[in-house]
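You will see chain A twice below: alongside chain B first, and alongside chain C after that.
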Partner chain A sequence: MATRALTKGLLGLRHVRGPTVKVSNSGRQFATASSIISPEPQTCSVRDKMLDLPLEKQDLFRVSELFTVKDLFDARVHLGHKKGCRHRLMEPYLYDSSLDYDIIDLDKTAEDLRRALDKTAHTAYGGGIILFISRRRQFCHLVENTAKQCGEYAHTRYWQGGLFTNAHIQYGPGVRLPDLVVFLSTLNNVFQQHVAIRDARKMNIPTVGVVDSNCNPSLITYPVPGNDDTPVAMELYCRLFKTVINRAKNKRKQMELLHSLSEPSEPSS
Partner chain B sequence: MAALCKLRFGCRSAFRFSSSVSVRTSFSSDSEDGTRAGAGFAAAFQRQAELQREAENSAPDQSGSIPGQEQTFASLFQAVPVRDKVVVGNIFHVVRDDLYIDFGGKFHCVCRRPAAGGERLQRGSRVRLKVLDPELTARFLGAKTDTTLLEAQAVLLGPLEEREAQGRVQKQD
Partner chain C sequence: MAANCARVVCSLFGKSVNFASSTRPVTLQFCRQICGTPALRRKNLGPTVPETFTAEFIQKQVEEFEIGKRHLANMMGEDPENFTQEDIDRSIAYLFPSGLFEKRARPLMKHPVEIFPKQRAVQWGPDGRPFHFLFYTGKQAYYSLMHDLYGRVLKVEKHQDQLRAKGLFPTEPKQIALGPSRWLTKEEMEALLVEPISRQDYEHFIQLMERLLAMPCCSLEQQFVMSHRQQLEAQSMHQVVPPLQKDDAGVDFSTAEGRRKSSRGSVVVRDCGAGRLTVNGQDHLHYFPVLQDREQLMFPLQFCGLLGRFDLDCSVSGGGRSSQAGALRLAISRALLSFLSQSEGEAMRQAGLLTPDPRVRERKKPGQEGARRKFTWKKR
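Entry: the complex of A and B
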């Protein structure tokens, strides 16, 4: 809830990102209270209404209909690595820790996946930038295509040091960072945690990550315990994220049309 | 005595009446047991079809219920991948003599093309494998966790014969 509110507040500032932003947990006031560029009150209220709609309704994007536990099972999402590769912090997500091969509990996965897809949908609905990251060469083409098909971004190459933390110098002043980072595999090529996880945390960017039994889930905002090595599982995740993002964007277009029909004097943003 | 007989007759006729009412078939006569059995099956089939439709309709409402899904995963999951298991795999990539075979586990395995009858094995062929290790890992000196190769190890036993595939299907049935 706090993360959602934080993101909403950050979304309200489309052009300015910096230490001057002060956000607090005081309800729905951030878009107007902390914005430095003051918009007209009318557009603000209309945009607020549109942004509040998903918060009022439970599961506005019908994320729970997208998959079942059986689908996850068929996509081999429950298969983890061997016992020796296990990360200590993944033990709560495992079905039975005494087995030689780790099996991830799909009930927990289903719940976490729904939460993650919901977060992705909310971000896409609010017009946020989503960045897909995966350092698995086997799936780099798939991830890039997924991002292209839903109109978002992907980074599947070597991660240079300060891409988030030093963005204003590496890319230029006033660059906009992603509002959500989706890790389809949290490890890099040498089985260490991807640097972007720590950097996104530093920059207050919420992260969604598919964590396998050898990954560290602690720094990720919405961890989804699941298999990240099998092509079937990766295709399932990519399909789900793509569907959810497209659905959210279509919903946003619908709401904008509705509001533009009801209030013809609204300036187009 | 007469009262008992009347009661029994009354009960039986009531039962027949209820069974005939629930059936929408052409067997409206309720005199024989044979028609009652046929009528019962049709009624049961229709009831099942209605239940399925209701279940499908109410599935989106129930999707948030966790106890139902908990049963589902526990019932779906039976066996852990075990060593020395003979499975059927599917070749999904070929690089000259190396066949990349997926057998339903977490990882694929890479086998060398056999000298005898190797030309038949192309992308999409189904083969029999003996899985030696579903994941090749080892703990090296000074390491905290195992190092994994992200591959399985299997021995190629040969292509899946048509007769074997049919026999397996019959056994499953």
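Entry: the complex of A and C
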């Protein structure tokens, strides 16, 4: 449990195997860069091998094949709001504005989206809980269906006060909070930033968020600049996330099967 | 448990400390000061949750109930195999007689399923992953119901669009036969979902249901809609007409009973009579010297115009003269129903002859002289 807290404190799942877990010949270990990546063969279990695999390969889940910039353009992801609604911190992500309508830079979007999908895939591969949040009424049903179909969780309703920060009272003792929160729209019904962004940050939960030109990207761990108002764009995002999560879970099952077949005598952790 | 405590402390302060190492004695000490008994820790942490019972506890209660039932059957000298709930209630009332007015305060022995409130089992598996995809909303059952309902609305809309595209859209929409039913109340919904619902949530649910019903092709979802409606009993209670019997001489007769205040009367109305009236073995003139009481007895016959046709044999007990007369009047009206047609019976009902008079003596209250009369008010 303390290890998990340690994990959340450091960014992302990349540092999932902290040095304090592994028993080594030397006494205490410090969290230096070299000691994190170096493997310890005498204590490697099946689970360690499975979790080291994504760290060794680049783009294990072939996320870059899922979409192209042309797909994003066709789904109208580049359309932002008007100049008056523009958020100051979104200016680096904007390409231009034509007739006062902001246009989001799709090259940056593509790169950020790949990073975000990669992060999602790694979380799903490690058996993490992913929570989809969106407070747009017209896409509530779509988001809930997406979550149902990939076996993850959704929250597209009114956000009660202490769902993350007061979790043990809200849900019951011993509850496990999500390991990743995906915002398909960062604003709530009154065009203010969703409370869950701040709460997830407080609880050290990494967030992925689709930020439109009127949103604040500062508190989100993996912001993806893009349109969150058009149905085509939302369907694209939902499809991408669903595909990536299913791929990661299938890969996980594959690896478990492979390892259980190759070493049947060793008890899997 | 201690580790849990420590984790709570950690999350509160936002630090992640490895408690395996003993490098932070100060924090450990701080921990020990904060963590106290569960009762102390629960202070000021929001509304108390209702007491939850574990599955093992309920299981144990059920076993104890079964064993206790067999013991009770043995005590009462009855067959333990066929000992029903009514037998249990009877035996408990016999062994533990109680004069308490509140029925719920009396000793009872019922199956634990009826006593302990229905509650939800643990919501997540051994790896911590919740079972329901809407778990993190906090109201999973309600929101799942709303999600399901909206899905059905979309399905009906899609069906309508398909019909319209084919040109088969029905001009007279086939409505769902709701019958005498009403929507389930908020309390019934809470019992159904095993989850508390707020008033606004309930109103939203009803609005969405009404929207579904307003669609022309809503008959697709008939079963779903009816599962959230409660059937009402028929408003008008059908009058039970006493059966017309024939005695040895071939004369028709019928029997009925009536009550008024604390009087109980029963009457046997015989056809082909001469208008004789016997009450408790005596003639009616003897038993009811007052004209008003005799008028009450005659009124049903006079109303139907059958004054000289029947012979009445009445028996009455309890109450005073007026209430005995009222009880017999009701009994005579009910007995006459078997000799009359439907419309005449309906006329009797509208005249109020078949309605039992609900008025009973009001109790005397303390601080007053009678039911309504107060003590004399004295200025000083």
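Assume the second predicted complex is superposed on the first by the 218 of 269 C-alpha atoms of A that agree within 3 Å, B and C clash if a C-alpha of one lies under 4 Å from a C-alpha of the other, contacts with A are read in each partner's own complex, and residues count from 1 in each chain.
Note that a contact is a pair of C-beta atoms (placed from the backbone, for glycine too) under 8 Å apart; a residue touches a chain by one contact, two chains touch by 3 or more.
Please read all numbers here as calculations on a predicted model, not as lab measurements.
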Which of chain B and chain C A:Glu65 touches, first, second, both or neither: first
First (chain B), second (chain C), both or neither touched by A:Gly126: neither
First (chain B), second (chain C), both or neither touched by A:Lys202: second
First, second, both or neither for A:Asn227, with chain B first and chain C second: first
Which superposed partner A:Leu106 touches (first chain B, second chain C, both, neither): first
Contacts of A:Phe73 with chain B and chain C, given as first, second, both or neither: first
Partner chain(s) touched by A:Gln170 [first = chain B, second = chain C, both, neither]: second
First (chain B), second (chain C), both or neither touched by A:Lys82: first
Touching residues on chain B, where the partner in the complex is chain A: 60, 63-64, 66, 69-70, 72-73, 76-77, 80-81, 104-107, 134-135, 137, 139, 145-148, 150
Chain A - residues contacting chain C, complex: 1-3, 5-6, 8-9, 20, 28, 127, 129, 131, 141, 144, 147-148, 151-155, 157, 160, 163, 166, 168-176, 178, 202-204
Of all residues in chain C, those that touch chain A in their complex: 3-4, 6-8, 10-11, 14, 16-21, 45-46, 122-124, 127-130, 133-139, 143, 147, 150-151, 154
Residues of chain A touching chain B in the complex: 62, 64-65, 68-70, 73, 76, 78-82, 84-87, 95, 99-101, 103, 105-107, 110-111, 191, 214, 227, 229-230
